[in-house]
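So that you can tell them apart, the chains are marked A, B and C in the order they are listed, and the count of residues begins at 1 in each.
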Amino acid sequence: MNDYLKLQGILKMFGETCVLDNIDLEIREGELVTLLGPSGCGKSTLLRCIAGLSELDGGRILLENKDLANLPPRKREVGMVFQSYALFPNLTVSQNIEYGMKMRGLSKAARRSRCEELLVLVDLEEKRDVYPQSLSGGQQQRVALARSLAVQPKVLLLDEPLSALDAKIRKNLRAEIRDIQKRFNMTTLFVTHDQEEALILSDRICIMNGGRIVQDGTPEGLYTAPRTEFVARFMGSYNVLTRPEVMALFHGIDSGMDSFAIRPEAVTLLHDGAGQQEAAAGAQLVNGVIKSVSVLGNIIRCTVEAEGIRLTVDLLNDGRWLGAREGDKVTLALNPSELLHLEREGA
Amino acid sequence: MKQKSRGVILALIPFALMVLAFQLVPVLSMLTGSFQKADGTGLTLGNYLHALQSAYYMQAIKNSLLISLTSSLIGIIVGLFCAYCITRFTPRVRDRLLMLSNMTSNFAGVPLAFAYIILLGNNGVFTLLFKQWGWSVFTDFDLYSWSGLILVYVYFQVPLALLLLYPSFYGIREQWREAASLLGAGPWQFWKTIGLPILTPAIFGTLGILFANAMGAYATAYALVGGNYNLLAVRIGSLVAGDVVTQPEMGSTLAVLLGLTTILAVYLNHLMVRRTERFGAKALSKPDVKTKSSRRLWTAASEEVGQ
Amino acid sequence: MNIRKAGFAPRTFMLMLMVYLLLPLLATGIYAFAQDWQNTLLPQAWTLNWFGEMFKDIRFLEALWTSLYLCLISVVLSLAVMLPAVFVITIYFPRWESFMKVIVVLPYAVPGVVAAVGLIRTYSSGLFDIAGTAYLLVGAYFVVILPYMYQGIRNSLLTVNAVELLHAAELLGARRRTAFMNVILPNIWPGVIVSTLLSFSVLFGEFVLTNMLVGGHIQTIQVYLYQRMGESGHLASAIAISYFLFILVLSMVLMKLGKKMGGGVKG
């Protein structure tokens, strides 16, 4: 019973278009899996299919080996938190949280005590008799979370729950969600288009594009070893290079691939003329000119033009390159082992 | 600066004059008239006392209240269902249906009464047909009684209710339904715990408008039953502009009483509209509230005038 | 949002509603074309005689004419008075918003009967004895369509952002009045036309005030219909159907114009 939630061959059409194209996914109990991708890639649709809010055109969903196919949403034991919170405006916070329990017929006392527990958990005890409209976005989302957890679902689905919030609140709530998820050992599917969020929160990330899962792995694995051009572009500021560009930089390459990538922090920035040490270690030296410098806090991001190719180079802001200016001549040290070979998207 | 204010005032004067002459002064006149003695000497509460003690006038008031309340209740229940149904259609189909519904409001008043007489009057088509087919339940139906009046009133109450209620359904977000179903609520439970409570202010507000609409209905009642059925609106008409001797003071008194009920009903509507705003512009955000709601009340109010 | 087609229940229900609403109309229509219609589902013989009689009846033509010119005069007068007034109120006194809300519900709060009582009382004697005259009726009509004209003009002004347009015009050197004529008026015209047509159809169907204020002397189409109702059912049906068709055509025009206006200006 390793796989708690199994998606097999999920297919969904919208008219002529295939919105979900033969999706296979297995999720273990207690895992937080993120569905990451651009808008329209089908991640929210997949979530809705699991919840029973959208119908499938093919495939199976098995939760603890039970087929969810013919079950209406209210029988699936699946909880969902929406991007717009979807709190019931005519009920107070505690009434919202108790709603699921009320539907299941729990006694008033049982409801009250569980509600209190959850209010403490999400730190909203004084707000129990308040109406949702007078809460901030972050508070409303916490109530939504508590409401879903109150009925102890087997799987928790989060549909871009943080997208409508300010950056600062997003960071705090993100950590809270992860905390709560770990505490309850709650199997969770998290949908987002923000790769930073995905990297921070997940046990596993599935990158989706055009209704398919393009790559699936741990955050580190996905970041350091993207398989396709699409993934490379999506996960950060990878330098994606064509074959001719690679030939120009590395003077030769032993691969049949057409697409390559190198991480911006894998390119070493050196003063003009330096690099003997790196060259001795096997790096390729290239001359270049700085085209722009941006200080992103603890990272300095430079755009360097070398051999007619624009490369993004990231350095730690430790004071060594303060004063770097547009037009400065530099040397880049490129390590061939850092060069990733990619599949073209759609292959 | 001064020139601006002068021009501004100038533009407002004709408007103010018209409103004064044909709205405000008459209302005041009516108010004072209700307190005057029949022979024109001095003020009295006698008219009101007489109205409230007279069995005849009390019956008129009672009849009007009964018919207005009943037709409003029926109108709102049917209207509620229709409003729910209409939101299930695509906007194009919905708009066509609404157009059809509003179109029939142009028929209200004399033509409507007449049409019902054709169908269900003493020699009405359906009446005779039912007699022929032996459907006695229907042949005993008297169009010119309170049940007939209610039936005809419902005809123009339902489209009004539909028009005023259907936008509120769009304020019920699909996501609330989805969230509720994931939490274990069936459709009926959802409406009972979330849907209807949210709609309640709109429902009561519309009830107010429907009630005022029915209380003030004149043309339909007049054309249908004339003076034969004791209704407040028609009674007032005959007191003030009747064929027999007129009693303008009593007419004014009764008009004031009628006006009080309609104003109260409309005030109820106002309170309820404020209540809906309590559920937050966030929760019930539908674009274009200004132009849409105004157009609603335009076409809705046009039905009223036909009465 | 709701892409799926409506289910069985809503469709049946709405169908029933439509049948219910159209039935009286249908009945009147059939009656107007029927030679005789007693106790059969459909008339046994059809005829156009009733329409012929109607068009030959002098009183019908007079009533039609009366309705037309009275409604027209009232609407034009209302336009002339309301346009500048609403303009001024919207631009200079936007805080009279609550006043607006009262105006909109006037037809319900002060129904026709009640208004008639006051009007008769005020104008029956003394200085302003215009009782029973067209002047009183036009004045009364003005109040009847006040809410529609007010709302229509006001909404048009708001939709075209009249305040900003005005400021732009002034910055370019125009005087207030000129700006109103050349800039505001052309832009709000479609919306104004819509409310004018609506007001016209409302007045055309008005009965209570007409009957109570001038019923004996002046006959509009509605009053005439009422009188004929008692005399000949078939003839009355012909009148009723003609009246309804006229209003229908008017509403269609209103609808088309409303769409054109709504499409042109994005609120």
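Just so we're on the same page, a contact is a pair of C-beta atoms (placed from the backbone, for glycine too) under 8 Å apart; a residue touches a chain by one contact, two chains touch by 3 or more.
It should be emphasised that the depicted structure is a prediction, and the values quoted were computed from it without experimental measurement.
**Q** Let me check something: if the centre of a chain is the mean of its CA atoms, which chain is farthest from subunit B?
**A** A
**Q** Which one of the chains is closest to the middle, using the mean of its C-alpha atoms?
**A** Chain nearest the overall C-alpha centroid, as shown: B.
**Q** What is the distance, in whole Å, between the centres of subunit A and subunit B, each centre taken as the mean of its C-alpha atoms?
**A** 56
**Q** Could you state the distance in Å from the CA-based centre of subunit A to that of subunit C?
**A** The computed centroid separation for subunit A versus subunit C comes out at 59 Å.
**Q** How far is the middle of subunit B from the middle of subunit C, if each middle is the mean of its Cα atoms, in Å?
**A** 17
**Q** Report the residues of subunit C in contact with subunit B in the complex, numbered from low to high.
**A** 1-3, 5-7, 9-11, 13-14, 17-18, 20-25, 27-28, 31, 37-41, 80-82, 84-85, 87-89, 92, 101, 104-105, 107-122, 139-140, 142-144, 146-148, 151-152, 155, 158-159, 176-177, 195, 198, 201-203, 205-208, 211-213, 215, 222, 225-226, 229, 233, 236-237, 240, 243-244, 247-248, 251, 255, 258, 262, 267
**Q** In the complex formed with subunit C, which residues of subunit B make contact?
**A** Residue positions touching the partner: 4, 7-8, 11-12, 14-16, 18-19, 21-23, 25-30, 33, 78, 81-82, 84-90, 93, 97, 99-104, 106-112, 114-119, 123, 125, 128-129, 131-132, 155, 158-159, 174, 209, 212-213, 215-219, 222-223, 233, 236-237, 240-241, 248, 251-252, 255-256, 258-259, 262-263, 265-266, 269-270, 288, 290-291, 294-295, 297-299, 301-302, 304-307.
**Q** Considering the complex alone, what residue numbers of subunit A touch subunit B?
**A** 51-53, 72-74, 76, 78-80, 82, 84, 86, 88-91, 99-100, 102-104, 132-133, 147-148, 151
**Q** Considering the complex alone, what residue numbers of subunit B touch subunit A?
**A** My answer: residues 173, 175-176, 178-186, 189, 193-194, 197-198, 279-280, 282-283.
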